[in-house]
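Both complexes shown next keep subunit A, but they swap its partner, so subunit B is in the first and subunit C is in the second.
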Partner chain A sequence: MTMTANATDFYHSERRRRAIHGWLLLTPTLVMLTAFAFYPSIATVWTSLFSRGTRRNPSEFVGLENYARLFEDPTFREVALNNILYAAVTIPISIAIALVMALWANSKIPARGFVRSAYFTPTVLPMIAAANLWLFFYTPGFGVLDQILSLFGAPSVNWLGQPGTALWAVCAVTVWKESGFFMIFYLAALQTIPEDLREAAEIEGASRWTYTRRVVLPLLMPTTLFVLVNALINSVKLIDHLFILTKGGPSNSTKLILYYIWESAFAFFDAPAAAAMTVIVLIVLGAVAALQFRLLDRRIHYQ
Partner chain B sequence: MQGAPFVALRNVTRQWHGRGGVADVSLEVGKGDFVSILGPSGCGKSTLLRIIAGLETPQSGTVHISGRDETHVQASRRGLSMVFQSYALFPHLTVRENVLFGMRVRRAPAREREAKLAEATAMLGLEGLERRKPSQLSGGQRQRVALARAVVSGHPLCLMDEPLSNLDAKLRHSVRRDIKALQRRLGLTVIYVTHDQTEAMSLSDTIVLMREGRVEQIGSPQALYAAPETIFAAEFVGEPPMAMVDGAALGAPDTWVGIRPEHLSVATEGKADLIGLVREVEYLGAETHIVVDHDAARGLIVSATGHADWRPGQTIELTLPAKHRVLFDADTGRNKKDPQQNCGASHRQTEPRDSHTAHHPQSVTD
Partner chain C sequence: MSALARHAEAALALLVAMVWISPLMFAGWAAFHAPTDAINFNLAAPWTLENFRTAWDGAPWLRYFLNTFLLVTSVLAGQFFLCTLAGFAFAQVEIPGKDVIFVLVLLQLFILPEVLIVENYAVAAQLGLLDSILGIGAPYMASAFGIFLMRQTFKSVPKELDEAARVEGCSTLGVLWRVYVPAARSTYLAYALVSIATHWNNFLWPLIVTNSDTTRPLTVGLSIFAAPENGVDISVISAATIMVIAPLLILFLVFQRQFVQAFLRAGIK
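On to the complex of A and B.
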């Protein structure tokens, strides 16, 4: 009897010891995540439910009023449409360019190392620096683009200064910046495809194109999904260049949602509106990412 | 090999910066033959196969397949199939799609595809696995799928690059038999690369032994076993390989004397050719290998039938029957084929009783 009691005692204390051990191991991550992810998210949701406090009217609970106000705000609608267009343009184009560049940089070409690092350079540059570079490209009159175009007698264009072209100009910078980054993922994935498969396909009579379409692209699908989710997040997250290039102008034509959130919070000091927008963005991003995983996961082959 | 050879290589060279690869290799393979290219790793045997396949282009020399010069023809147009060591199955495709990949590419009609698929899966025991992905198959099954892919292609020439090397010993045996059965049944011409001499011996009609990019010896398994042309061939073929004794110890200076383990025997009183020390005794059931140390010999292993009662450290006296000795020139490492020389050597080193039968070291009978 004592033996059994002792054994159970021992078992319980051992369990306790292991539980404490486990929690100790979790603590650093838990502290970091709580401080920088969980608490801010909850605080944001909380803030979005209160009115904006002024000296005369202290902030009070207003429920979903901030959200209702947002949907009536024409600027928010414009900004959301801008962002959807921005995502719809930059995501497919940068992924397509990344894939083509990776396929090319993975084949046997001279100066392969140089080509690869050249493609990767935009990723290494800070977005602010890159934006300054592009600002110089776009500058009317003496910018690189204008100088090249003037060689063909074209009139000077203020790419960033007119609502019709500004968003496209911003998209170009993003594509340029992102495709090199995505290329690295594709390049890494391509290098895990054994050479034997290409040779087997070749002996079976498959052309290069057939091999690419029927073997390489399907095997790259896990990477594509990963890149797609990243590109989606970046299409909301990556707005550094707006601060240099356009500041959202002219007349809100290049204003993206995160920039608008920043503006609301730190230029107009309307924290509840900013919080409400943040919550909407989080929900939309989460939903789209979940949808992508759900839809694509079934069709993807993982090694 | 009667008539024109089915596959013929003439003076083929492919090297990288003057090293590796193959140098000046000529080779003829008859239709329906099973030819193994055997050699240690890095001897150029895979390069040779890849040249035949068209995955590698020779710097000089020509490749003829069924009479046509195919030296610069693309792999896909050579009418051959290939089985890889890594199986090279498409991991995202099912067994069925893998086997039919080539036919889909060639746009073969659906009815023909189905018929061929059924035939190939039945032949290789893959029925019921058609919908599996390669990752859901065992190694042996994967290699069978690769074989099925080769079968379905219908090409008369099949190249195999170490197809059994990734399989464990047991599977290796069963897939080996499958390969042989398939080759016989379909009348395939198979060129088979391996570093495993047992595979080469058991499968082939002809073995091409390679060393450092060159052909060391071409011959039937029996010829390679009984009459190796060089010391290298003698020591590469056979399990355990031929033992080499410095001729000086046997009264034949400037010669290496080779002898197969099964021909070494323990001497009766006072008639020993060599006196060595037992280092290791390996009991294998049907036979026992006695590993013997001797200063003038390497790889000295006596293969005794059944159980042999020897202990490490014991002194052992060995006889090397003269008729089973293979003599090699110590300078060139080549077989001394001149029977005159052999007889002379025999005279000096063996007792009279044996001297009359002591010749023909390169005889094919074993």
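On to the complex of A and C.
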């Protein structure tokens, strides 16, 4: 009897001891996350509800006025549309290219090692450096692209200098940078598909195309979802090249939301507007998070 | 017919590969040629190191390299420390309310430090971290991604090893250090490669936090050096760009297999 009581006591104190250890282990992380994720998120919401303080007029509570101001701001509307277009163009194209690259890199082609590294190389380059490389492609007159086009007698185009083409030029850089990265995930998934499936399909007389479409693509679905979430996040995050290529111009045609947040906060010193935009971005990213948690089989991918 | 199609496909794959590395190839070639020759695509032009000399003298690159090195190592050290402790707690220690906290931590996967630049700047200012290497690295140290990765790895460590070590008289931290950390060696390597590549290349947050040459990392230094206002020519910018990416590129070519594996592991675990 006493022995059991002692054992339970021991068990309880042991449990308590472990829980305390656990909390101690988590403390440094929670402190850092609070300082650089939780507190700033809440502070952003808070800031977005106050007016911009000047020396004469201290900032005061204005409710949702900053949001109203934002939705009336034609630049914000343009920027939001740009970002939606940027996402709608770069996400499907880079995923499609990544898939094709992975299929190639996984098949028996000559110089496969070279092909794989060539596809993957942009991933390890800083976006800033990549933008420098691409600048020479786009420069009107003597840029590589113009020189190639002039071989076919096409006129010189100022790719980055006109609103009609600038965003597309920026998208091309993003697609180039992302495809190789996403390819890696497809390549990994392809290598887990058993060889028997292909053999079985061949015996059944299925063509390679049918095999790819009916067997491979469905098996790649979880990877596609994982890549999609990453691509969505990147369509908000990947803006470094704007600083070199266009600075958001000409006339805002390549300005994306994070760039506009940066500009509002650090060039126009309009923190409330930047905060309101940040809240909108957080809501969108939250929706993406919810999508991921719901759609993805929890065992498969997290990032 | 099928053989022909196969050859055409291989040729296309190769062509795309050429297109994909062509920007790098062109910059590599332009960096070693005079700007007039680079612009005119003069393939017969003589090679020169002049551009590297000009670029090197145009900015405190050595300092930038040092700053990037310090940044990458301090971020990595911070991440290893925090993610090891937290990953271990989430994987192997029974704590009431653990699941709720874990979901909170995972939220950071979506609340990116990049998005919170405005308020993170305010926090960094309050902590006196502006214009310091620690200020650039701090928001990334408690990485939800790293914590998740370590948790997954620690979960796969056999319970028997843990219990055996405890029977031998190891404390909780002793078990972590003697059993779990050695078992996770390959995860650490993978995570290190991904982290180094990420922070070597990071730009926006370092741009915001730094405002002097003694803290600027390479990416920010390069963007200032190559700014159109500075009127530096195409060959010199190429040389500077090649200089900045060379260490990482060489690291990538040497550790290619590990790099790819690292990114895979990082994503799929």
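Keep this in mind: the second predicted complex is superposed on the first by the 276 of 303 C-alpha atoms of A that agree within 3 Å, B and C clash if a C-alpha of one lies under 4 Å from a C-alpha of the other, contacts with A are read in each partner's own complex, and residues count from 1 in each chain.
Just so we're on the same page, a residue touches a chain if its C-beta (ideal position, glycine included) is under 8 Å from a C-beta of that chain, and two chains touch if they have at least 3 such contacts.
Note that the coordinates shown come from a computational prediction; the quantities given were computed from them, not determined experimentally.
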Legend entry - Simultaneous placement of subunit C and subunit B on subunit A, clash or fit: fit
Inset, instruction - Could you tell me if A:49 is touching subunit B, subunit C, both of them or neither one (first, second, both, neither)? - result: neither
Inset, instruction - Check the residue A:202 against both partner chains and state whether it touches subunit B (first), subunit C (second), both, or neither. - result: first
Legend entry - First (subunit B), second (subunit C), both or neither touched by A:85: neither
Legend entry - Which superposed partner A:93 touches (first subunit B, second subunit C, both, neither): neither
Inset, instruction - Determine, under the contact definition given at the top, whether A:144 touches first (subunit B), second (subunit C), both, or neither. - result: second
Inset, instruction - Could you say whether A:157 touches subunit B, subunit C, both of them, or neither, answering first, second, both or neither? - result: neither
Legend entry - Dominant contact partner of subunit A by residue count, subunit C or subunit B: C
Legend entry - For subunit A as apex, the angle formed with subunit B and subunit C - C-alpha centres, to the nearest 10 degrees: 80
Legend entry - Lowest inter-chain C-alpha distance for subunit C and subunit B in the superposed arrangement, angstrom: 12
Inset, instruction - Once the two structures are superposed, pull the subunit A residues common to the subunit B and subunit C interfaces. - result: 301, 303
Inset, instruction - Spell out the part of subunit C that touches subunit A in their complex, as residue ranges. - result: 9-10, 13-14, 16-18, 20-24, 26-27, 30, 39-41, 81-83, 85-86, 88-90, 93-96, 98, 101, 104-123, 127, 138-139, 141-142, 144-145, 147-148, 172, 197, 200-204, 207-208, 218-219, 222-223, 226, 234, 237-238, 241, 244-245, 248-249, 252-253, 256, 259-260, 263-264, 266-269
Legend entry - Residue ranges of subunit A touching subunit B (in the complex, touch as defined): 194, 196-197, 199-207, 210, 214-215, 218-219, 301, 303
Inset, instruction - In the complex, go through subunit A and note every residue touching subunit C. - result: 15, 18-19, 21-23, 25-26, 28-30, 32-33, 35-41, 43-44, 47, 101, 104-105, 109-111, 114-130, 132-137, 139, 142, 144, 147, 176, 180-181, 184-185, 187-188, 226, 233, 236-237, 239-240, 243-244, 258, 261-262, 265-266, 271, 274-275, 278, 281-282, 285-286, 288-289, 300-303
Legend entry - In the complex with subunit A, residue positions of subunit B that touch it: 53-55, 74-76, 80-82, 84, 86, 88-92, 101-102, 105-106, 133, 135, 149, 153
